[in-house]
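Quick one: the structure is below, questions incoming.
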């Protein structure tokens, strides 16, 4: 039996715990990632956080996979051009503007494959301070198109409702053209200056279109 | 850690008893640490304070700035009968209290949905989105005043000293602004309203000031 | 010492563990005398305290028509339990909590309303006798005269008797749901009550 070797005490502790010490940074990262999932569901996906900025006069493209409501995802592939934003000279039928408000018309030209599901699109305008004024289909006495960014007569395919598809009869409408224009009207306070138009299907991604002068 | 390892040979029995003492000591230290941690975590009532809403006090006629809106309460009214949306008439063994509110959303469209009444009797009177005590102002466009009326059914003794609380989220007011409106009601109001059978009205929500639509 | 403990037969450790466990429950009232064997008898016109309410059941009637109330099928009928309701807590509660507090059993052809864990069949609506409105929210400090309305299949003969179950609820949070609310309806009283036809709609509407 040889006499026991004397190791320096400090090195002994680091040596004995070397595997735990090696695992520690990995475990810390895993902890943060696991807890961070809430940041995604409770914050990131709850508002418009990921802009696709489009300069005035340019055409923007949005490519996104969005939840289809029946457990899968479906693609949004769309090109959008902002033709202009101006005071609505003729109001939608039966619209009555409250005191201190005005109506602006947002002229958009979009292109997409006729098979792409574009229902569920939302539209808003923003002022320089970032305040967001949203398109309301049924408000101030008027009924505008439910989906502000597809042609009312030829909206294209509706999202699948799963098993209900067999029960519901296919709505008869001509296919959506490859390129089309829409002019939805948004009501906002008199003194609000529109600096950009925003368009989204599923938060946080959105198209941010600068208003041409 | 700074204790040097003994260099003198130690008998196996002594070594075993020493390691057992060490194990027990370590176990006791872990238990003690858990106990201390539990005491520290529960001794101070911080949980409620951390998640408490930010209460913004105000009075009738005075605008209060909230994170999501500017809110002004109008003159409260009361009776034993309330007429809701011009169609439904309700009567109560107590009193129906109505408070007209003006909501100016800030930042983006806002759907205020929480209301409750803290009675002068120390009880809390629940307000729901529909039913006999209701508040349903709908989504308000930023900068466009939204007029909506809260109605609460309560016993007359709760009226003197009552406060109305208004918040954004029906389910969860934690860590968000909450308006607390001192309604300035007295025993005289309670007596008068409890004996009154002229209906008070809850007009439909509107972007036009009440009385003009 | 630990070694000696481990040498014991497993069965003895199990028995010892069970004894220790039972002894520990004494700290939470495990040895307290059981106060109640099943539900007590429900008697007409006697107020009963069932958190968060005080309920006084007055009568059970059936009728085919009630103004402002709509049957899911025109040939069906209403079975109504007329009661005085008081919220005995310091805060208003919503109508679904009241619906769990009084349910009906032993009546053929009751149309069930899904979504409740309360025993028996839950009322499809609770109408105030005064104005026919739905009793929601139930505010503290007020006494309401209300009819718990249950819908019965019209092809079944009208009932002559029905079992009314009155549930007590507990304020707390669930295992999976952290929100605090009135939960776990447990039958505190039950009564087999006679059912008669409402003499007129006005009777069910409370002008008696």
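Letters A, B and C mark the chains in the order given here, with residues in each chain numbered from 1 onward.
The criterion applied here is as follows: a contact is a pair of C-beta atoms (placed from the backbone, for glycine too) under 8 Å apart; a residue touches a chain by one contact, two chains touch by 3 or more.
None of these values were measured; they are calculated from a predicted model.
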Chain contact graph, described as a line, ring, star, complete graph or other shape: line
Centre-most chain, if every chain is reduced to its averaged C-alpha atoms: B
Euclidean distance of C-alpha centroids - subunit A vs subunit B, Å: 31
Between subunit B and subunit C, centroid-to-centroid distance (C-alpha), Å: 28
Cα-centroid distance, subunit A relative to subunit C, in whole angstrom: 46
Shared interface positions of subunit B, touching two or more other chains: none
Of subunit B, residues touching subunit C in the complex: 88-94, 116, 121-128, 130-133, 152-155, 157-158, 171
Residue ranges of subunit C touching subunit B (in the complex, touch as defined): 90-95, 130-131, 133-137, 139-144, 179
For the subunit A and subunit B complex, residues of the former touching the latter: 4, 6-7, 9-10, 12-13, 98-101, 130-134, 136, 140, 187-189, 191-192
For the subunit B and subunit A complex, residues of the former touching the latter: 1-5, 7, 9, 106-109, 139, 141-145, 207-209
